Amino acid sequence: MGANDRVRLGMVGGGQGAFIGAVHRIAARLDDMYALICGALSSDPIRAHASAAEIGLEPGRSYGSYIEMFATEQDRSDGMEAVAIVTPNDLHYPVARAALQAGFHVICDKPLATSVAEADELVQLAASVSRIFAVTYNYSGYPMVRQARSMVARGDIGALRVVQVEYPQAWLASPLEVTGQKQAAWRTDPSRSGPGGAIGDIGSHAFHLACFVTGRVPVEILADLSTFVPGRRVDDNAHVLLRFADGARGMLWASQVAHGHENALRLRAYGEAGGL
Amino acid sequence: MGANDRVRLGMVGGGQGAFIGAVHRIAARLDDMYALICGALSSDPIRAHASAAEIGLEPGRSYGSYIEMFATEQDRSDGMEAVAIVTPNDLHYPVARAALQAGFHVICDKPLATSVAEADELVQLAASVSRIFAVTYNYSGYPMVRQARSMVARGDIGALRVVQVEYPQAWLASPLEVTGQKQAAWRTDPSRSGPGGAIGDIGSHAFHLACFVTGRVPVEILADLSTFVPGRRVDDNAHVLLRFADGARGMLWASQVAHGHENALRLRAYGEAGGL
Amino acid sequence: MGANDRVRLGMVGGGQGAFIGAVHRIAARLDDMYALICGALSSDPIRAHASAAEIGLEPGRSYGSYIEMFATEQDRSDGMEAVAIVTPNDLHYPVARAALQAGFHVICDKPLATSVAEADELVQLAASVSRIFAVTYNYSGYPMVRQARSMVARGDIGALRVVQVEYPQAWLASPLEVTGQKQAAWRTDPSRSGPGGAIGDIGSHAFHLACFVTGRVPVEILADLSTFVPGRRVDDNAHVLLRFADGARGMLWASQVAHGHENALRLRAYGEAGGL
Amino acid sequence: MGANDRVRLGMVGGGQGAFIGAVHRIAARLDDMYALICGALSSDPIRAHASAAEIGLEPGRSYGSYIEMFATEQDRSDGMEAVAIVTPNDLHYPVARAALQAGFHVICDKPLATSVAEADELVQLAASVSRIFAVTYNYSGYPMVRQARSMVARGDIGALRVVQVEYPQAWLASPLEVTGQKQAAWRTDPSRSGPGGAIGDIGSHAFHLACFVTGRVPVEILADLSTFVPGRRVDDNAHVLLRFADGARGMLWASQVAHGHENALRLRAYGEAGGL
């Protein structure tokens, strides 16, 4: 992979104080198939430029807004080809829409959007402009997950019967959001994270993993969402019963108040002939 | 504990081909506080006597029926003091009732009975004759379980929030009952095991453990019982959502079709201040 | 196994304050093939009789000394058939010799004796009187150990190359013997435990396990014995290099000062074709 | 860290068929503090240039030999500042010496050299030219290892008593070197790997880890080196007894014939007050 062959990547979000942007950048460097060449790293232009300097972007490729970045990069012969959207959830939809409309491929963090209508629109838009639209359900990239999916698909465990998936975390067991911690603040603010708390933030990962590995989607769902931390405006624990079209049954548990767990995503699937 | 100080124990059930009777006998010898002195080890008198000889009971203390045993032992000065009932579920109620009426203390395997009405009657009868009535939720005897209960009780994890309990087994993943396997046959026969399959056989253990450790009982329950093995007449998988009076939430999973698990009982409880 | 068919067992040692005697008694009850009918449970007759009462021996079968017990039981038609020797190490040899000479089978705790000469004499004596002489290397009874031995014997791992065995304990990491703790006192007193400390007490288990599983005995040994606790008169840590006749090599580590380990016996064996 | 602030790195070795070079490159990208700008990736110029193209080096910065690279880069204003040496062991010494003499900082893979004399010379040379000379005992970079070292240093486990370190691998359990596998070929060839096999390749890691964490170096060593695979010219298993100046004792085991282990480096240290 020569330097000139790398995909020219831009980033929206991921400035100082952010969490997942740096993870995306490290992942892109690990692969060595992307070159990060521009960014609108914060909605605050001062912070955006400071963040860009810190990670070594050329000053002329640091932008104060994603609108400015899309407009400028669109016109450069060596301009951005794809954009990674690593903002709080409320911006996924408007930024992704603008990026697709400007002709860029999109790598968007989960959850895709904060309503079904927004999600549907993005799906259609991506199809109409023939651009790749990738949602980073990153757990589906692990070799072990891929192998599990293959084993289910080729019938190693026989007809699927039971799926148990869980994603417990501990970090929001106390009202961290009132301390000013930036991650906790936006993730528990419905105007920024969308209506879902734990169910959207990590339940989405657990749900996707269950669907990805088993190769099917539930047809009936019953959820018991709870908020345990007083004053919190979104759920911080979700218990969900799952029913699949072919008779399989499952349970999903996502929690951000489960002391002792950092990111304990775990999937178990049992079929007629075996389990994994 | 001198030999003459040991509790004189009789046993109903637990003959050749049985499973749990031998476990009870080993447990009683480990404690060294019981002397097994008589038995009605099978409903088949031939098998009962052969079984008694095999484990070294005196021939005169092996009985062909529990009715005979209760009547005879009642009149001996060195007669049985307590009886262990280790029969299939359908006999728990009639044997226990007869034992209490004859004045014996009772150690009964779970589930206590096969209907709420039977269970209520036994509770009242035991109280009216002032006899000990013990149901062998054996997991509650483990030191670790006792410690967990104490930790919750003294507030180590703070106000309870989430309880996850599960008891997966694999042994009924295929229709073992049609092969003539004695254990599988009675446990999947509603006339002998009662209406519940997995939920009664092992869900009862999981439920008791959750209640025992947390010191409380759910006020609302929603269960999704499934039967995965074709032709089976009782459930072999149970998914249950739990709601406790004080706002805590939980999930219970009991399965006899979960490949790879032998007796994987597991409880996790999370509170405001910690988890275990 | 009828009551009259059980092996009539006596015990020397194992009174109040002892550790391993109770373990032997529980193991004998688990098997249900022994009936403990007499004992000389302590070298102190008062303590011996109190201990016998506590565990329910008939008063007439509690003896103040093993010499008295052997003489009396020898003459009873329902007398002791085998004796379990669970005393401190220094008594293994004299008690075992007397028992064999009186015609009893012997179950003796490890180490067999405190010198090679004593051990040789016992081996010859047992042969000459045609009595069973069992040394309780109890770890060799575990199903997993038996399976490992079978796997090595039938060539599952191919020609043996490397054996790593270790037995770390923590309990003597501080000078427990000066606090009056009875177990620590005799096990670190060369006049009672023999010249070896950790090497005799637990190194003997590790060594036997390595020999038992691999089916061979080292031909060359180099040991680095250390005493870490100031004032202790026996070793509390042993590092040993092993060389076997067929070119295999090994390491043995036994320690009683390894914080964090209770009884962490562990064996690994590697051959040309596999490891376990 | 701006692009122009990154350390300009060159690499000797690490072309197609090599193993550790790619690991160094990934590690350098993860840190994002290095820019790989040139390389002499193979002693075979054709392979060197093909390898350079594959990883995206500018064609003009791919060299056919390290001698050429050092001479050319020395004169460029934007030339290499540091060189990573990831060749077979026999080249560590000549390449490192040439690099230091040309004024470059050196990052050299272990083992440092194949004789004590060579190692001493490099140490003196690095000091005399005031250049950084780093040997990649990479395990010492793990947070857990750093924490262990800190805990020992501040006395958390008290005075050191016992150190158990081991590094078993399985990959050379069969004569892989005769199949043409490049890694196995040079690592078992004394002319390229130096006189040590397992002891040099992975024993060096285990030894360094033990010294790094405990903060001390053994004063007496006794090693039993074995070669189990017929025809192999270097050791493939090493058992070593360690004695430290302050009375601590240890064992080191390094093996490349231990089936079931990939890279199972493990250190345990026990002191007067605790273990880790």
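The chains carry the letters A, B, C and D, assigned in the order they are written, with residues numbered from 1 in each.
Rule of thumb we're sticking to: a contact is a pair of C-beta atoms (placed from the backbone, for glycine too) under 8 Å apart; a residue touches a chain by one contact, two chains touch by 3 or more.
In this text, all values refer to a predicted model and were calculated from it rather than measured experimentally.
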The chain whose C-alpha centroid lies farthest from that of chain C is chain A
Would you mind pulling out the distance in Å between where the CA atoms of chain B average out and where those of chain C do?
38
In whole angstrom, what separates the CA-based centres of chain A and chain B?
46
Multi-chain contacts in chain D, i.e. residues touching at least two other chains, fall at none
Drawing the touching chains as a network, do you get a line, a ring, a star, a complete graph or other?
ring
Mind pulling up the chain C residues that touch chain B in the complex?
1-6, 25-26, 29-30, 32, 53-56, 58
For the complex, give me every residue of chain A touching chain B.
157, 161-162, 164, 166, 170, 173, 222, 224, 226, 228, 237, 239, 241, 243, 247, 249-251, 253, 255, 257-261, 268, 270-276
